[in-house]
Amino acid sequence: MTPVRIGVPSAEEFLEPVQIVVEKVGSIAGVEQDDLTSLSIAVLELVKNGMEHGNDMDPDKEITICLEVLPGSLRVQVGDQGSWTPAGDVGFKPGEGDQLYSDRGRGILIARNLARWVDFDLSPEGKTLATLIWPIP
Amino acid sequence: MTPVRIGVPSAEEFLEPVQIVVEKVGSIAGVEQDDLTSLSIAVLELVKNGMEHGNDMDPDKEITICLEVLPGSLRVQVGDQGSWTPAGDVGFKPGEGDQLYSDRGRGILIARNLARWVDFDLSPEGKTLATLIWPIP
Amino acid sequence: MKIQEQVKDGVTIVRLTGKLISGPELMELKTAFQNLVNQDRHKKVVLDLGGVTWMDSSGLGVIVSGHTTLRRAEGMMKILNATKKIHELFIITKLITVFETFASESEAIASFKEPEKA
Amino acid sequence: MKIQEQVKDGVTIVRLTGKLISGPELMELKTAFQNLVNQDRHKKVVLDLGGVTWMDSSGLGVIVSGHTTLRRAEGMMKILNATKKIHELFIITKLITVFETFASESEAIASFKEPEKA
């Protein structure tokens, strides 16, 4: 099966269509019904980060999402127009200092806890590319 | 706003996610609430044709849908892996002969009646590209 | 899409709700029409589209093929409650010349009655 | 997302239903918490998440910021009916250490009562 690709402007109103497509592809790929929400939450954390931090919520900047069914896993890649890679640890460590009561953060923490694997890299063109792996039967 | 792009395998289960995205983009582009269904019907007629006639329902063959907001119109382009362009008239002319009772056909007829404009061409790479124009305020 | 059947005054009302989008569900509808013939309930059929929110040429195709299946066995299908948008599809495709359409269930049912002798 | 409010035994129950996805609706929820303070109904608040089908870090962020808004005015918010999946998010983020959570509305309401003098 050819991958499912989506490219959307960096604007919040496109989050829900992406969420719906991600769950649909997850369901076709064999992700358990009960886990589809967790899958789409994890992916949308990456999509929101790309929109906010990579593309500054500029609707002229595209976010791409590519969903590919591999043996034993669904691979989701989220690309933005920035050139960020994490320097050392990223994401919140709640419980340490003020972070527990922060009204933001937690995105990477949640994505990493829900998915089997989440990491960030640069694409061949030097743009931020987040990769998420979800196990499938 | 950057165009919205979707690429899906040629398989029926992807029609509904495409329908949902098309209506969402239509709504953001300013298509009247009441016309969103007609918009997605017209687009899905082209998507189904691409899947069936262009890609032989082969899930390894991709259908691409690109939605772009232009001044006064929403332009939707549907691409498949075939190299078809209509030779003269295409689509049903119901009322002539057996076509009235056929259990298929009617796709292009419906798309052309609902949208402002529908036509077919070859992409620069020589692949079938259907273009649909929908008026927006 | 959901298919529900109800019999009233000897007329089978087939009620569809949701999206009639291509896929296994449309095949179920095709089977449902065939079953009406197998169960000898095909003489008087009303297809209630009141709850259908989305439908395209594939949905129309299954309805026409159902019509043909019923006609071959001397049955008859009428359309009830098509929304404005769906009615438009029947007009565009001239299927409006094939089907009798109704906006009231009781009128659709009554239309199957033999005309009273004067 | 839908926000509904109900007062029971002096406790304001804020019921959320649907998807808590980033966007204007989440801002409405933020405003709703501020309004509780403005209307002096912030002392005893129960946030009922029973009808929430989807929520991510942005939703959690608004809930935490609501908690902070209420606390600053010496109010208190407790969580009711978080589904298994949403409860998991509270655990992952350690917010479970910030909020008291309940699976029964009457217990959530009762928890605001002053302990009886012996």
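As written, the chains take the letters A, B, C and D, and residue 1 is the first residue of each chain.
Definition applied: a contact is a pair of C-beta atoms (placed from the backbone, for glycine too) under 8 Å apart; a residue touches a chain by one contact, two chains touch by 3 or more.
Given the structure is predicted, the values throughout are model-derived calculations rather than measurements.
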Subunit A to subunit D, fewest steps along touching chains: 1
Centroid spacing, where centroids are CA-atom means, of subunit B and subunit D in whole angstrom: 45
Separation of subunit A from subunit B, taking each centre as the mean of its C-alpha atoms, in whole Å: 29
Distance between chain centroids, defined by C-alpha means - subunit C, subunit D (Å): 48
Residues of subunit A touching at least two other chains: 13, 16
Full enumeration of touching chain pairs: A-B, A-D, B-C
Subunit B partner contacts - residues on subunit A that touch it in the complex: 1-9, 11, 13-14, 16-17, 20-21, 24-25, 28, 59-62
Subunit B to subunit C touching residues, read off their complex: 12-13, 15-16, 19, 34, 37-38, 40-41, 44-45, 48, 92, 94-95, 100-107, 109-110, 113-114
List of subunit D residues in touch with subunit A within their complex: 19, 21-23, 53-58, 60-62, 64-65, 67-68, 85, 88-89, 92-95, 97-98
